[in-house]
């Protein structure tokens, strides 16, 4: 019996879309108001999916308490109330688009979750824009 | 033309996570407050997906009125305002985790829906925890 | 400058509508399936409003961190994953209708919040049924 | 790095389920109140998904501003505040079920988006009924 | 103990904003695309509030089952899947703006509910536009 | 016939809670992680309510298209994708708490809307924290 368990989480942060190798003018041309040098920000809503086999003894695929704590440790604590460009090392040389943030979250969780699980990361940047990344 | 039609439904119920073969103490160790012997409960939100071919004559994959009534008969009436452990026979010997509840719903609908359809069951236990089961 | 600050919270619990002074039959007649002796349950969604004057020095009406912790201590910890009828002393002799639960929450918060604040309690029993109590 | 970017949009419209080749009576038998000759209507909520490879230079899969404008041009402007049966040419001979509307939207976007992208269309007819079409 | 109990409901309908006394051209000037002579439509989301005193014997302000059935009889059955302009008598000479629809719903419920209750009607025409009417 | 019309809007922005007259250390003590000198940010969800008398000729309290454009001009354009502390003049000497942001929005709209209307401003800073200001 294979299924997927999901856990929602939340963080808010400041960011700007910005590529170091480009001039400020080129950043503005490509990324528009999202490249504001003084930053803007979002309430990021996150849904982590874990696919695997249900343990017939417990009826759990994964203990949701453990998944919740893992998301806190790997995502909420390092990202919440932060400036993604300046304070989150993964974005020192990586443009914090919603695509790249989802990938960074996936990679951090991938290292901590047993390889027997598949993972999906759904990340809302606004209520109207979101991405899904599955590795 | 193959697509998926979804219908949402709702039931609320009491349950406890509990494995008969284990002592109360071991149940408490593994399932924490979810194993409270006096029960707790949830508003379960359900989304049933049916995948198949659209009938070119009607433009329907399945008549949603029929799907709605099937979910009422198979899920809402037997589960709503019930104690899952004590009053729903499928859980007499099965721990009513959200994983297992989704599987039971899937199996009940699978028996009643034409084999030409694929089914998915998405079940929210809380607004932050949910599962998807596809057989 | 007078305004209202709101904080949302969540707990889930089992309950039954039940009046001790009545027979089981009369309870069933008045409360229907909500009086199931084996209980059912809900995800209760709570919105607490605090009305008062904004402190011109801080720009805060009340520190939301303090309000969040107060709701945890007074509502979430004593109510979450509990059987309201059996484990929450306020309902020992009080029918746990959504009206009465809202009143109990209001009374608990009223004792702890400065008298200069007005309070409102909005409580969802299901996504379609809710109450507002303002004392 | 392959992922899916989603953009939500909205339009509202009148329609009736109706097959020209059938008598009014047969339409009523098959489609019930949805075949009301004087029409009814919905707020259609749309989620368009675009799957592809993230451009390592920009960190974008597709510029969401361009996707937003494409949905406006292809869907919102021609469908919003319209009578689907009478004013949207695609439904002149096609019953505007939610299944068929999703397919029409998919086909319109498919013609305009680069073939390197996969597309998905999720369309809510009501908060409880929706479809997903992926071509 | 005075509080307010709320019940949500839903109907969908076609309408056009239209004043009989005006020419089509003037209707178009004032109401824009909302005056499309071929109609458009909405999923109307309704929240009815009933304010009064909680019965200390039952713990109910009003039996929500009775309120639910009243909304079905007075609003959902006569309005759902209808053309408001053509099929709902209250709008024969009244422009079906969301303001006027809320007032009509209020007046219908006011006649049926005991005068000891105050009533409020919240009506969403779209997820972004709504009104509250309290008599 | 007096009622309230509501319109929802959205903007996202960076900010920090910060009082110029205080040291960085005191700001950190009072405002915690919300005072991060490198900023964080939010998706602010706004609901503007306008209370008044419905025009019996049009059935409108206020043309929602005009209200929508006013919110765009006064709030969305000057606030969206901005650093509130650095780029929005109203916060040059005012701490951008959600309380103060709501007040600034109220004051801007108050100047532009006819005095015959009452106004309310509901502002969500996160899905769990929000305020209502009515002047």
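For reference, chains read A, B, C, D, E and F in written order, and residue numbers begin at 1 within each chain.
What we mean here is this: contacts are C-beta pairs under 8 Å (C-beta built on N, C-alpha and C of every residue); 3 or more make two chains touch, one makes a residue touch a chain.
As the structure is a prediction and not an experimental result, all values here were calculated from the model.
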**Study point:** Count of contact steps on the shortest path from subunit E to subunit F
**Key:** 1
Revision key, fill the gap. Shared touching partners of subunit B and subunit E are C, D
**Study point:** Same or different contact residues where subunit C meets its copy subunit B, judged by the half mark
**Key:** same
Point to revise | Most distant chain from subunit C by Cα centroid | key: D
Exercise for review: With centres defined as the mean of C-alpha atoms, identify the chain lying farthest from subunit A.
Suggested key: E
Revision key, fill the gap. Matching the CA atoms of subunit A with those of subunit B requires turning by an angle in degrees, to the nearest 5, of 120
Review point. So what's the Cα centroid distance for subunit A and subunit E, whole Å?
Key: 42
Practice item. Calculate how many whole Å lie between the centre of subunit A and the centre of subunit F, each centre taken as the average of the chain's C-alpha atoms. Key: 28
Revision key, fill the gap. Two or more other chains are touched by the subunit F residues 127
Check your understanding: Considering every pair of chains, which are in touch?
Key -> A-B, A-D, A-F, B-C, B-D, C-E, C-F, D-E, E-F
Revision key, fill the gap. In the complex, subunit B touches subunit C at residues 10, 12-15, 33-34, 36, 38-43, 45, 80-83, 86-87, 126-127
**Study point:** Residue numbers on subunit E that touch subunit F, as the complex places them
**Key:** 17, 19, 30, 32, 94-100, 102-103, 127-134
Check your understanding: What part of subunit A is in contact with subunit B in the complex they form?
Key -> 1, 3-9, 49, 54, 57-61, 64-65
